[in-house]
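Lettered A, B, C and D in written order, each chain numbered from 1.
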Amino acid sequence: MAGRGKILGSFAEAVADMPDGAVIAFGGFAGPGTPYNLIRALLAQGAKDLTCVANTTGGAHQPRMPDVAMLVENRQVRKVICSFTAANRPTDVIPFTRYYEAGEVEAELVPQGTLAERLRAAGAGIPAFYTPTAVGTELAEGRETRVINGREYLLEYALPVDVALIRAWKADAAGNLVFRLAQRNFCPIMAMAAKLTIAEVEEEILPVGALDPDHIHLPGMFVQRMVKVPPPPEGLWTVRRVERAR
Amino acid sequence: MAGRGKILGSFAEAVADMPDGAVIAFGGFAGPGTPYNLIRALLAQGAKDLTCVANTTGGAHQPRMPDVAMLVENRQVRKVICSFTAANRPTDVIPFTRYYEAGEVEAELVPQGTLAERLRAAGAGIPAFYTPTAVGTELAEGRETRVINGREYLLEYALPVDVALIRAWKADAAGNLVFRLAQRNFCPIMAMAAKLTIAEVEEEILPVGALDPDHIHLPGMFVQRMVKVPPPPEGLWTVRRVERAR
Amino acid sequence: MSRPLSGGPAQAPTPASAPATGWSRQQMADRVAQEFQDGWVVNLGIGIPTLCSNTDIGGREVTYHAENGVIGYGPVLPPGEEDLHLVNAGGQNVSLRPGASIVHHADSFAIIRSGRIDVTVLGAYEVSCRGDFANWKLAGAKGGTIGGAMDLAAGARRVFVILEHTQRNGAPRLVRDCALPVTARGVVTLACTNLGLFEPVGEGFRVRELAPGISLEAARAATGAPLLAG
Amino acid sequence: MSRPLSGGPAQAPTPASAPATGWSRQQMADRVAQEFQDGWVVNLGIGIPTLCSNTDIGGREVTYHAENGVIGYGPVLPPGEEDLHLVNAGGQNVSLRPGASIVHHADSFAIIRSGRIDVTVLGAYEVSCRGDFANWKLAGAKGGTIGGAMDLAAGARRVFVILEHTQRNGAPRLVRDCALPVTARGVVTLACTNLGLFEPVGEGFRVRELAPGISLEAARAATGAPLLAG
């Protein structure tokens, strides 16, 4: 379980072979866990016709950090699969909205727990499952439901992805990852759902064996490439976000 | 998130109100994680007509430690749900076999991954899911299957339990648990599938806040009762097991 | 963290010449937080509900759970004191309480769907007297903001909503039937507005409490379904 | 951990007066372990397969995964040196290799079902030339020993089986159709017996290699399906 060359020297190198048409999952929830540096590298790399799986396309906060909506603006995205395709507050307008309303990008709106469970199912070899979420709503119209023990449930399918881009706190050269606090969020389940996982790592990547096996949140078998985030300003780090004024 | 009286002084007290007919999951895999002390207390408490969910009913090893088969021998069990209902080696005979072959106890044989996933589903509010496991075997005969993306899958239902009995390494008074190495196995998912979880804990139970939130394997909301395992001989500890001679 | 609490017995209505507006956003959150029972696991939605975690609820202890897997967070931290790795469901930098733990997103929603959340408090555009509510899609909008709301609505043991009693044009948000696409049906047990606390009971809303200065007549006039006195 | 390896070119058969029995249990495990490629994730079943983790496979590195969520274990430890919190799928006290990690049972089988296991090596009672195999239930038995075998058989990228070539009464275990209830159908790509390495190829077994002293005729006589020479 040696390093096997999982550690790369640059974000550009890490995403250099991203093919057009890839299905990419982006970790992160409101900042922590978001792979800002990998998104920036993907903007420069230019792969097109992407399907982007993420909790949001990016918020209405300042300062704006690299987000899925920037890939949309850069004409790299065919479709997004998210639990938010509009701003949290009706009075806000997020950058994604203009492209979506103009029909320049598709969107599949998925409840957040269903999104998480579909990714988890893909990583668990479970092709489909039933959930109580969204029963009786517009999202369930025309779809298959099933009554189990007297309650109605909606059939949902696994959501496998080609690539997961995530951010972690600590790593060893074998790819074992540790997340700090709210940074964990979607990152482990997206990696498990992916054929290829690329992680940007905040601390120096440790030698194999330096992490306690009981503290590892994502085993190295799920992580193929890692890049250390350099100090700012070269590397992008999470900053305090403020609500955009109404 | 104070202690809320989760720490009890004895195993007898912890299982005193176990009702007849309870569905009980027993953590543990080949030793680590097995709640030996709670099983011993349950033997003394005497609840009957139990359904026992566990990986095995106990092996053919020596020394024999408290196991589900002892509850069977004690006439407390109506049914077991396990991934082994015979000995690993055809030449061994496990204590359970005599009662099972005599029709004195029922058994449902479930593939181990399906057992784990059914417990996980119960703890995740997922009532049913599809799995590739056991398709084309005797276990799938007469049961519902479904072809998804060209492959055949078997429909499986969640397995909720009334009580989970588990063993952990460290705990705090809020019920947050940490398992050591192979001790984790079924313990967290059984607790998540249970209405009531009782844990025997190997180390002194720590004050609330003493555990690193990133190192907790099972949040305290899933654990209602804890008992510290006393030193031997009063408390039962895992011992080295040897294969019973053929 | 101590804040003045509203609620309690309704006071005499103010004169009609200065129409009472009832509770502020923080007062609504404070009033709802008084409903939390000792030992509850509570999930707070984006917007007004997140204000509940700043409310002093006396000796009762509740565990705040956020969709991103943070279990046991505390008040929002002031600028300069934030931990940038720690946010609640609204993206606010919060503190951790002793005994906190972290899980990933799938386990966080396992907690939600399996009924481990004693109450979720959500914002809403509309709530019906049958307990339906709508909070994810505006009329004519192409996009939506579901987040964790549909999972919470389907999985939590109780669903409370907090919303302004009327729209800006005066149209009621407490109605017989939701006009907007619903988030879930028949799940809301308590609606808190700036005018008071209201329980959907099928044929109408039962008035649990009115905000100071709010008369039953004023509340009725602003409501799109029957109001049943206490 | 270094052990003498068998395999390599078959040697001349021993005289018929002293029938060759081929490989020992450890030699079968050693031979199968030589098939492991650098970087593979390998799951070893109870019995003979667990012996593979003691085999020296040179500079290649594989990660041993056990059903109980231990990822990256190493050789079995001798009495007195065990860590009682650490067992493999066979309940043996093993060591950990650097880079090891631990997951719970549901995540362990997530790894299995999602195709992350490059190969599983399982014991078997029977294997058919179509790649079916049986390893969980004996004829007439009421109970069974499925363990993780059905999940592994359905999920692993490759399924190897290790078994004695014949039953004690001489009846073949490599057959056209399994007589016992199958564990999975059409999944076995390599069967290692005391007589050699055999690949189920539909109409029969292709002979990859014979153990030292084993003739093709002797292997044919002990096999219940056509043997196709390499």
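Basically, a residue touches a chain if its C-beta (ideal position, glycine included) is under 8 Å from a C-beta of that chain, and two chains touch if they have at least 3 such contacts.
Source: prediction; values computed, not measured.
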Labels of chains that are neighbours to chain B and to chain D: A
A-C against B-C, pair bridged by the larger set of C-beta contacts: A-C
Chain located farthest away, centre of chain B as origin (C-alpha): C
Averaged-CA centre spacing for the pair chain B and chain A, given as whole angstrom: 34
Gap in Å, rounded to a whole number, between the CA centres of chain C and chain A: 29
Chain A and chain D, separation of their C-alpha mean positions in angstrom: 38
Residues of chain B engaged with two or more neighbouring chains: 117, 120, 124-126, 131-132, 180-181, 213-214, 217
Shared interface positions of chain C, touching two or more other chains: 96, 102-103, 106, 109, 112-113, 155
Chains touching one another, given as label pairs in label order: A-B, A-C, A-D, B-C, B-D
Sites on chain A touched by chain B in the complex: 117, 121, 124-132, 146, 148-149, 151, 153, 157, 178-181, 184, 213-215, 217
Complex contact set, residues of chain D against chain B: 46-47, 66-70, 79, 82-87, 89-91, 93, 96, 102-106, 108-109, 112-113, 137-138, 141-151, 154-155, 181-185
Touching residues on chain B, where the partner in the complex is chain D: 29-32, 59, 61, 83-90, 96-97, 100-101, 107, 109-114, 116-117, 119-120, 131-139, 169, 180-189, 217, 237-241
Chain C contact footprint on chain B (complex, rising order): 1-2, 4, 120, 122-126, 172-174, 176, 192, 208-209, 211, 213-214, 216, 219-222
Residue ranges of chain D touching chain A (in the complex, touch as defined): 39, 41, 61, 63, 71-72, 96-103, 106-107, 109-116, 155
